[in-house]
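Across the two complexes that follow, chain A remains constant while its partner is chain B and subsequently chain C.
On to the complex of A and B.
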């Protein structure tokens, strides 16, 4: 406990005090200085906020699901590699981290855009009039999120797969189970804590995103964090900004608790 | 020295903050909200209050470097006043936090007119002592505020890629006519300029745009909505989409188009239907070197560098008629003429009063 004191002091100053002030700003009226629910009431009675809230939830869960579908096979493949090779390959998983979204969004146009590689191929094989809209809509947002979030799902699952007891797989094999059956009845159920931990990380991170959706999304892809930005910077309504921030934090918290309940302490790796 | 007058017109005015606890809360709340929003908000202590230096906030970038070379350096040698340029976050939130914490990081700011008019409404700026400014040849009487001054204007309007499009729409009504002009269109996710375009497309004369008939504007927007390929959030992206030919034409700014042209990109701007906005300067509330700041305000408004500046940065125009008269015809041809009846002059005061409601209505409209 003694050794974490400096960190606790640091967190107290740069995290807990500001968070306390956000709570204060969300619940205390700027006019009267009294405790109030008026800002929360304003949030829940306006169609815009509720729609954006729903979009945020939709994008985060949809994103997490697609990232999982892309990330699980990668983790599974990596787990099967010899350690040295795995280390090299892991670096590739981290590659998206090193590029800013502003640069990536430009690169995406070259591949997915109207005159990009994908559409060029489609036109080449299917005729001049053919084309698919892969950017500036929900599909574009998903491309961006998968690109950003892949490491967050690959590594928790990879750690879990590596920690699985190989004896279980051998036992299943000896008993004559097929590889598919071993996967679905041994490997996959055992990897659920890794999956949940990964999904948790992705959902919570995507909930707070706004740059990727605004660069790659369409007109309906407005996130809660966009509204925080708008209220803080454009109209100086810091009470509403605080309310939205609090709701985002609460949503993330509820999700965390629900998952923890569902899987018990397993999520944090205690019983893998 | 300067009287604080209550501003009756302010719709978003907040009560004045008295106690030091609240001062602290103000600053710390920005920090907190900033962290929550993932924005980097950095607080550094202000310099000694009594210094004779002007701390001047600018956007930086290409135009910022140009201003440094053409305005700031000559100002220093002409007056002997030292100017320290601050380049960093200077949005409304930052200004509010600085004024509330009574800890200014800059004394003077150069920013878009709508931002500074909002700052003025929120009581963040000092009143400009007009008796000590020479504004004899000021153009645009409608851009007139107590505590901020328009020193140049810039124009929004239609940009297009010359390689893809020979004949772009020349009126907003034509831009709305998707049969006559079938190209891929972009519009902005902000209502400023966009709703003006919608009204003009629907036949409203530029002089009758304000106060805006929102119902009519949104009805007009309904007609173009299904034909917009990309809704663009960031201004820089308008140029990028034209460059990569994701779009054939989009609402953008002439200054950006001409910077892109000077870099060799085949982009052009339609001058027949501009929406022009002021770029302002203002002095922060509580600035200690008010007199020096006032001199810099004057320098921006009609100082000698004007001619060279407006020649180097095509698309930006002066708000002083004498500077305007000295510009070459070639430069003037690329500016919306104050006499052109098809040019709209954005009423940033109207926007300041209505911003929050209209943005909410617009975002809701975008979502449906």
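On to the complex of A and C.
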């Protein structure tokens, strides 16, 4: 207990009091000083806010699904490699994980933009006046999110695949099952806990995303975190900002509880 | 636990992956690495235009970065904040991890979860809380509150790394030191900390990078004159998309690459680390005997 004290005191001052302040700002009326739901009512009765809430949920789940489809083959391929080669190959996944989100967002502006790399290629092959709008819309957001979240799904699945008992695969093989059959009847069902852990981890992280929707998305791709920024820095409405972040934290909390309940879930597998 | 550690080093059994899987995997590797590659040619481009491919090659953008005061000021601010919060985070994180792992009281799991809880709260929520808090105290926009915010952000990461390493340190070594009359702080400082060196290096580097790249908390807490590099970069992408960004991006990617490789070498949660740790423990006890 003695060694825990410094950080516990620190958290009391720099974490618990601010969290309490958010709750206070969201639940206590500015005029009367009484407990109130008026700010929450304001949130849930305005179309704009509800639309942003919906966008947040939609982007989180769509993103998680695409990330899973892109990430599973990576994890599977890595799991099949000998340890040394796997370590080198996993640098492909680790480097983006360590790279600043701003660098990645800027790079995607360069890649997807009107005079960017993709459009340059298209013009090169298809003619001068060809061009597609890949930036400042949902496509741009999805590119950014999938790229940003891949490590968070690859590593939980990889850890799961490597923990699978190799004897099971050998047994299936000896009994004459084809590669496809082994995958769908042995490997995949056994990896479901890793998949769910990865998906929940991605959903929680995407919900609080601020940079990607702001830099790669358009006006209609605004998410909850951007709404907090808007209320603090543009309209100076702290009460609404507090309401939005309370909702965001509660949503994240629900998914985290689900994550913690998953047996074999590896929350930190991807963090370190 | 030991069993799963043994299996972790192995490979998933069965036939090699199908050709289609290999193609998809390598395509995804390319997608993952593409942003880091694209900025390299861009960074040698010319003045005031983002155009792929760049029309002429020069070092103009790098010169611009190193000699324009705004970029350098924000870089130094970021380094300052990152160093201070890493130091604070290492102290708070290592002590807290030790306290939790070696604790014997009931509810230590709850306490551990409580101390790690900033990891699970979206950064924007932490940022808003600290913003309101510091604004009410009139401290808003100072470097001091930036460091306080970043320390809260990085400490749980250090804690996670140190906690994992501590589980591989034999508690008997500490018990031996205590029977020979060392106090608990002395034991922690002279026996445990040296054994944790790889984890501290890893956690510290990770904390430094996390703080150096952190945007959301800095965006809310920094004010005029205390902007960090990521905040300046964010503003630049929103407002003008300055080409200098590509030179900065290359330098930041290099930093990330170096730290990523060091951590990958140092931090290996396989049993190899465990062996190395116990090996070091043996030499350590020998030297203290003589």
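Please note the rule applied: the second predicted complex is superposed on the first by the 234 of 272 C-alpha atoms of A that agree within 3 Å, B and C clash if a C-alpha of one lies under 4 Å from a C-alpha of the other, contacts with A are read in each partner's own complex, and residues count from 1 in each chain.
By our rule, a contact is a pair of C-beta atoms (placed from the backbone, for glycine too) under 8 Å apart; a residue touches a chain by one contact, two chains touch by 3 or more.
Note that the structure is predicted; figures quoted are calculated from it, not measured.
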{"item": "Fit or clash - chain C, chain B, common chain A", "value": "clash"}
{"item": "Partner chain(s) touched by A:82 [first = chain B, second = chain C, both, neither]", "value": "second"}
{"item": "Partner chain(s) touched by A:136 [first = chain B, second = chain C, both, neither]", "value": "first"}
{"item": "First, second, both or neither for A:57, with chain B first and chain C second", "value": "neither"}
{"item": "Contacts of A:104 with chain B and chain C, given as first, second, both or neither", "value": "second"}
{"item": "Which superposed partner A:11 touches (first chain B, second chain C, both, neither)", "value": "second"}
{"item": "Contacts of A:192 with chain B and chain C, given as first, second, both or neither", "value": "neither"}
{"item": "Chain C versus chain B, contacts on chain A by residue", "value": "C"}
{"item": "Which superposed partner A:22 touches (first chain B, second chain C, both, neither)", "value": "both"}
{"item": "Partner chain(s) touched by A:93 [first = chain B, second = chain C, both, neither]", "value": "second"}
{"item": "Which of chain B and chain C A:65 touches, first, second, both or neither", "value": "neither"}
{"item": "When the two complexes are fitted on chain A, the stretch of chain B hitting chain C, from 27-35, 117-125 or 135-143", "value": "27-35"}
{"item": "Doubly contacted residues of chain A, that is, touched by chain B and again by chain C", "value": "14-15, 17-19, 21-22, 25, 106, 109-110, 113, 115, 208, 214-215, 225, 228-229, 232, 238, 241-242, 245, 248-249"}
{"item": "List of chain C residues in touch with chain A within their complex", "value": "4, 7-18, 21-22, 24-25, 28-29, 31-36, 38-39, 42, 50-53, 91-93, 95-96, 98-100, 102-103, 105, 111, 114-115, 117-126, 128-133, 136, 148-149, 151-152, 155, 157, 159-161, 164, 184, 188, 202, 206, 209, 212-213, 215-216, 219-220, 230, 233-234, 237-238, 241, 245-246, 248-249, 252-253, 256-257, 259-261, 264, 267, 269"}
{"item": "Footprint of chain B on chain A - complex, ascending", "value": "14-15, 17-19, 21-22, 24-25, 30-31, 46-48, 51-52, 55, 106, 109-110, 113-115, 133, 135-136, 208, 214-215, 218-220, 222, 225, 228-230, 232-238, 241-242, 245, 248-249"}
{"item": "Residues on chain A engaged by chain C in the complex (per definition of touch)", "value": "1-8, 10-11, 14-15, 17-19, 21-22, 25, 70-71, 73-74, 76-83, 86-87, 89-111, 113, 115-117, 120, 147, 150, 159, 161-170, 172-173, 179-180, 182, 187, 204, 207-208, 210-211, 214-215, 224-225, 228-229, 232, 238, 241-242, 245, 248-249, 252-253, 256, 268, 271-272"}
{"item": "Chain B residues touching chain A - in the complex, by the definition given at the top", "value": "12, 14-15, 25, 28-39, 91-93, 96, 118, 122, 184, 189, 228-231, 233-234, 237, 240, 244-246, 355-356, 359-360, 363-364, 366-368"}
